[in-house]
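Here is the structure we will look at, set down as structure tokens.
Note that the chains are named A, B and C in the order they appear, and that numbering of residues resets to 1 at the start of each chain.
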Amino acid sequence: MKKISNVKVSTIDKGITSVLIDDASSYNSLSSVTLKSLLTVFKNLNKDNITKVIIIEGSGKGFSAGHNLKELKSYKKKKDYQKLFNLCSDLMMEIVDGRKPVIAKVHGSAYAAGCQLVASCDLVLSTDDAKFATPGVNIGLFCSTPMVAVSRKVSKKRMMKMLLTGEPIDAITAKEFGLINDFYPKEKLHDEVLSLARTIASKSNLTIKLGKRAFYKQAEMPLKKAYKFTSKVMTENMMAMDAKEGISAFVEKRKPNWKDK
Amino acid sequence: MKKISNVKVSTIDKGITSVLIDDASSYNSLSSVTLKSLLTVFKNLNKDNITKVIIIEGSGKGFSAGHNLKELKSYKKKKDYQKLFNLCSDLMMEIVDGRKPVIAKVHGSAYAAGCQLVASCDLVLSTDDAKFATPGVNIGLFCSTPMVAVSRKVSKKRMMKMLLTGEPIDAITAKEFGLINDFYPKEKLHDEVLSLARTIASKSNLTIKLGKRAFYKQAEMPLKKAYKFTSKVMTENMMAMDAKEGISAFVEKRKPNWKDK
Amino acid sequence: MKKISNVKVSTIDKGITSVLIDDASSYNSLSSVTLKSLLTVFKNLNKDNITKVIIIEGSGKGFSAGHNLKELKSYKKKKDYQKLFNLCSDLMMEIVDGRKPVIAKVHGSAYAAGCQLVASCDLVLSTDDAKFATPGVNIGLFCSTPMVAVSRKVSKKRMMKMLLTGEPIDAITAKEFGLINDFYPKEKLHDEVLSLARTIASKSNLTIKLGKRAFYKQAEMPLKKAYKFTSKVMTENMMAMDAKEGISAFVEKRKPNWKDK
């Protein structure tokens, strides 16, 4: 296990790495120290050759309360705020642009920038009593950066209700809204997350990398351009070893033997 | 209460203004007269310093049947139609671009441009027997402008079924589709709308204005650009009085005292 | 009935044409031969003056398994793959850009490019035991082109789960996700599809053509531009005979007599 300020990184199974936000006393607030640690960790994991799937989770009572309000309060200068919000956006972009699938494992609350972090991950499983909110409006600070991530998963009227009232939604609602994939009793969450991570880790690493990258890119293109782009991606994918091996294995009814694990 | 052609405007609680489409004999059709009145009313409300939340509703049997067919039938020249559809689009844009949250309070039917009006509001609550439709195809006039608003809330296949068959959906379906936030028995709708409006009116006016404007803008940007834009918005928000007061109040566990109510 | 390689085309009711993918021995795989046949068929149907609604379905055990893996395996050159994926994209674009509504009638499995074909249609009805998947990851070939169509109907986290795990979803889930409109017991599917097709075929052909085309175009525009564009479309629609006839019929409480059937 490696520990840098407020974040613990550990391998929990073959190819599966857990990133634990470990600052329970601040409800795992995304202070600038924690954001920097997370950004460093994700950059490294996206580059290494062992990690296939990343799980992000929080220690203590819940996932994350979002920005650290004491830190926000202590700042005086405009440029300090700008720097903090840019750093936070850089972390979210690193997760989206990164090459490894990221699963958020959520218990307790995921609020404000914590909710943004959840929305930025590829997949989310939570406990059945988890809560999600963009409550900035209650403290006079609209959740403007969090809504960038959340509104790309939750449709407009639902998102607007969350933003304008600041009220939390429960796990059932979050699943209905498409913000999370599923929820489980607390005692089952770990096993469910691990099982999902193992399923993904069993695939060709190369294929997953190509696919994740292409997914978010094509999502921002008009239809025709998206087809041109992904036709090229699929051709590249087909020319690589793992697709030929995978198709051969399927036709021959045997397990594939991935080269680029 | 102020009344201009076919529209009544009244303050129903502190900071909460009701806009009533009052042309029950035409099922509150969006004739050019009514559209002009609504556009004037929204422009004024978006500028005044008292209104914090706008409620739009219809008098008589239902919300609105859409364009006035007798008026449409009476026109001869192309430019008259163009003018009418542009006027209607201007109203919808004023609601979206405006600075005050708009709640649609829907009973009976919201059809065609009436459904577009509902879709253009930030939040929608309806009676449990409300109906929503884009039925233009039944009279040979595809709901082309209504679909602009509705298709940005309802996913493509669901929207296509509404457009190609012209058939209405009920409140349960409209909630599932994300077109409305919730529905209630007729006798409870007013209280629910008022309660929602009061929740929003209790927030900092400045924060809500900044937030609503940023929401619809960022929704049309690619992810990276959206983060750049909203990081700036959040910095501006943070430098304003209300965010500092809100955070102080939260940390000190007291009620915030908004400057820009 | 007309038959070209692997595809049967037949008129099943007035203005309603069935396109049957008829290669049951390969689970209606979308081989280059079948793709070429389908592209030719759709191009012709989009041009003819009789067809008002197109139904696409598969023969044998299910709808379609996607690309033909034996064919994929046999290719050696990069340009052969590129050609195949481009051909597949051309078919999907012909369906979206075409002038006639297309209903997918799905039984059994719709996998990979078969799922893409389903997602590309305007409306989808399936049997209650139908399955949908983007399982390319299992054979090392990420469903990059299928995700273009599917991710424009299914929200991001749900789509990512399908793509990263390769696991199928059932009809209930596909309806929740907005990938299909509805599902029925096997013995009722044909009647339900026919009834939906008849409803659409009873409308003005001209109106439907204008509307379908405008729908997908406006969906890719920012809001303000979309309003400008559709205001023009609605004006054109209004100046055509069928809208005037439709409005007159509605006001006079009689059935419309469409000129452009």
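By our rule, a residue touches a chain if its C-beta (ideal position, glycine included) is under 8 Å from a C-beta of that chain, and two chains touch if they have at least 3 such contacts.
A quick note: this is a predicted structure, and the numbers were derived from the prediction, not measured.
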Considering only which chains touch which, how would you classify the arrangement: line, ring, star, complete or other?
complete
With touch defined as above, tell me whether subunit A and subunit B contact each other through largely the same residue numbers, more than half shared, or through different ones.
different
Please compute the C-alpha centroid of subunit A, do the same for subunit B, then give the distance between them in whole Å.
33
Shared interface positions of subunit C, touching two or more other chains
152, 155
Residue set of subunit C touching subunit A in the complex reads 69-70, 72-73, 75, 78, 81-82, 85-86, 88-89, 92-93, 96, 136-145, 147-148, 151-152, 155-161, 163-167, 216, 220
Interfacial residue positions of subunit C with respect to subunit B in the complex:
101, 122-124, 152-153, 155, 178-181, 196, 199-200, 203-204, 206-208, 210-212, 214-215, 218-219, 222-224, 226-228, 230-235, 237-240, 242-251, 256, 258
